[in-house]
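Chain nomenclature is as follows: A, B and C, assigned in order of appearance, with residue numbering initiated at 1 for each chain independently.
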Amino acid sequence: MKKIIKYVLVDIIQNRIVLIYTLFLLVTSFSVFSLEDNSSKGLLSMLNVSILIVPLVSLVFSTIYVYNSAEFLELLVSQPLPRKKIWLSLYTGLTAALMLAFLVGVGIPLFVYEPGLTAVLMTMSGLFLTAIFVAIALLASVKTRDKAKGIGIAILLWLYFSILFDGLVLFLLFQFADYPLEKWMVGISSLNPVDLTRVMVLLQLDISAMMGYTGAVFKDFFGTDLGRIITGLFLLAWAIIPLWISTRLFHKKDL
Amino acid sequence: MIIATNVSKRFSKLQVLDNISLACNVGECISLIGPNGSGKTTLIKCILGMVMPDSGFITFNGKNILHDWNFRSQIGYMPQIGRYPDNMTIGNLLSMMKDIRNHHGELDEDLVFAFELNSMLQKKMRTLSGGTRQKVSAALAFLFNPNVLILDEPTAGLDPVATEILKEKIIKEKQKGKLIFITSHVLSELDDLVTQVVFMQEGKLVFHKSIEDLREYTGELKLNKAIAKIMVKQTV
Amino acid sequence: MMKSWIIIATIFFWLNGYSKTITVGGKNGISTIKQAIQFSSDGDTIIVHPGRYREGNIVINKSIVLKGIKLPVLDGQHKFELISIKANAVVVDGFKIIHSGVSSMEDMGGIKIYDCRDVVIQNNVLEDTFFGIYTQFGKNCSILNNQLTAISKEEQQSGNGIHCWKSDSMRIIGNTITGHRDGIYFEFVTHSIIWRNYSHGNIRYGLHFMFSNDDAYVSNQFKGNGAGVAVMFSHGVKMFSNRFEDNWGDAAYGLLLKEISDSYIEANVFVKNTSGIYMEGASRVHLFKNLFENNGWAMKIQASCMDIQVEKNNFLGNSFDVSTNGSLVLNSFNGNFWDKYEGYDLNKDKIGDLPYRPVSMYSMIVEKNPPAMLLFRSFITSLLDKTEKILPSITPEGLKDNFPLMKKAF
């Protein structure tokens, strides 16, 4: 397995996209932190980077990469290697490369400009989002044979997690405005890893006071150690479940 | 050695393999022939475990291949169209394959030298011509001294010199008592290799005969003529 | 002319001659303050030397000066109100007053002024008192340069720092108050000034102000109080050059205005408050040259407000500039600087050519449906805001600054 991961990693690093992604993140981070005179605003801008750019790049890059590695996968599958290992190695290689890019591009600037618990939490959430969206991308690409369709699905998924889901939540909030929905919202937000990480980081930035009663309910949940553990488990589930399904599908896939 | 039992496979509406049963033994050189789209490649991929049959099962040395991935270490596979990661050089590819195969026995690099691949190890896969890729595929198939060789259209795209080299190599391996499985639609080139013929049409296995039986049955010496005769008999 | 001066001087010396100084503590002093007060008469001065005095409740019923040297300690042993002032023109100066009693029946203070005038309380240190300095029916009293620190954590267990009830013409100047329920509490207090006080870390409000008309508070600092500052049910209030800072919490406001009218809010600074100013039922309030920086909401103006004029203020780095809960707007915004303004100034008159709408669509949504705050900083909300800016539909039409400044107002 290590060997396959090594080859996947080497291949991704030779592919310049990840390098460009790293540079893009680096430039963004440094410009955000040096332009914003207010540090918490800088953190908020970085939050936007992690919840928009990271899922987008993770999804689209991974999907394209899987399609472009069809030959490689075919070659590996005809070799005496278990498919599960091949697939998990592909996942690990992709995730590791993108995580590394995030760590260098966002993690390091964060720790240079804003060392502290918030930086740790934001880096963690970026890493989680990478792991989650690579898993989702793998699931999308194993389900569809056609490359164009697969990339389309990846972009749609990104739209769903970044915009449509929140639109839906807003719609629900107004439909059920007469009911106390705060507690339900905790559950609903866990249906979207992007929301989950955003809320968690915002609470860390002490925006909870602005969130009124909802914020209080959220803080009661997400602000506690138990809440953080549960959130972490949820995020982990968001990575593991798609990965598990995609592994099963790949196991039966005709190449 | 390889036994397929009632293997069927359907790609959406197309029945690619229809209830195919086949037994192959050590020392045989089987030619799998049939028109384009008759399911030859799919059958091979089923045997390799790259395509999952909808029903039926395949055993390799008595073990169901579904539950045992390691049987592939005994197979050398040369695909119809060799597709390899673009960024790799021939050298990278060879060393990667050696790396992941974890092969302990002796390596068979005859073809690497015969095809002069060793002189172009630095070339990237995406710059190679179709023929050179085939050479790479062939070299890889034989590299680990496997007991079973599965060659999917091995001579397609190869120049006559290379074809001759490959043929000699196949004969050499056959003499070592290996099971060799060849698909081809160009029949004449295989005449002097083959011991058994499997003929497929529209996903069905039409017949599986030894070459002697076939000659006796049709009275033809040349394989392609014998097959042509059979096809005529079938259609009549 | 000369003659009348001589008469005045003579009267002065005569009076002075009859006033005496009594010493408590030290080498030759009387041992208790209570005895000293007994011996004294109006106009006398009692000097108290350093020491710890446990005398229970000291009642000052004569117009005397009670002066401590090097902060003598009056200890109430958690049982008593320490000083009760029941005569006019009393001066209490330079004591350290600790451990007053706590009672839910009566408001025990460290120092309490009962129905008298011209009292001066200055340079005292109060620690662990229930109420700090308490005035009822006081008139023309001064409370100067005292330091009040309470240690109770719970609202019920804690009284107010400087508490004035039904008083008039008070001067509350230069005090530092921390840890009390409300730092400074005014109820039915008129014509008074609160100047240069520092009220921080109080459990509820830094300043709590009700039914108190025609007062001014100037150059005070209110920082990190549980709920900020509340000014309610009053008119004619002037608030100048105060600083409202770090009042951050669920129900914390830099400044809460409720039923306030004919008032002026000028040159104040609102920094890092959940809501800089929250207004409800306010009318004819003029906001001029204030700075709102890094607040959650700079201003929340409920629809019940009218004739609020917001002019020449700076709005910098607030999450939301203004929010409101209705569509009817009877307030005016003119010539403010908004850092979120994206317009242009073609004729170079330093005034943006397009009006600025300080109410974002998302803030309207949140106002109507608070749980929507869940979507704070999500992509969809910024998308909504951008759309709304191009095609206003939900945000109140009238709520806009027609003359937004291109550069900071001051």
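Odds and ends about this structure:
One rule holds in what follows: contacts are C-beta pairs under 8 Å (C-beta built on N, C-alpha and C of every residue); 3 or more make two chains touch, one makes a residue touch a chain.
Because the structure is a prediction, the values reported are computed rather than measured.
Viewed as a network of touching protein chains, the structure reduces to a simple linear path. Put simply, the chain nearest the middle, going by average C-alpha positions, is A.
Comparing the centres of all chains, each the average of its CA atoms, the largest separation from chain B belongs to C. One simple way to say how far apart two chains are is to compare their mean CA positions; for chain B and chain C this gives 91 Å.
Note on chain placement: the centre of chain A and the centre of chain C lie 48 Å apart, centres being C-alpha means. Separating the CA-averaged centres of chain A and chain B is a span of 43 Å. Among the residues of chain B, none is in touch with two or more other chains. Contact residues on chain B toward chain A in their complex (touch as defined above): 9, 11, 45, 48-52, 69-73, 77, 79, 83-85, 87-88, 96-97, 99-101.
Every residue of chain C that touches chain A in the complex is listed here, in rising order: 248-250, 252, 274, 294, 296-297, 317, 319, 365, 368-381, 383. On the chain A side of its complex with chain C, the touching residues are 38, 40-41, 44, 47-48, 51-52, 162-163, 166-167, 169-170, 173-174, 177, 181-182, 185, 189, 194-195, 198-199, 202, 206-207, 209-216, 218. Only residues 3-4, 7, 11, 14-15, 69-72, 74-83, 252-255 of chain A touch chain B when the two sit together in their complex.
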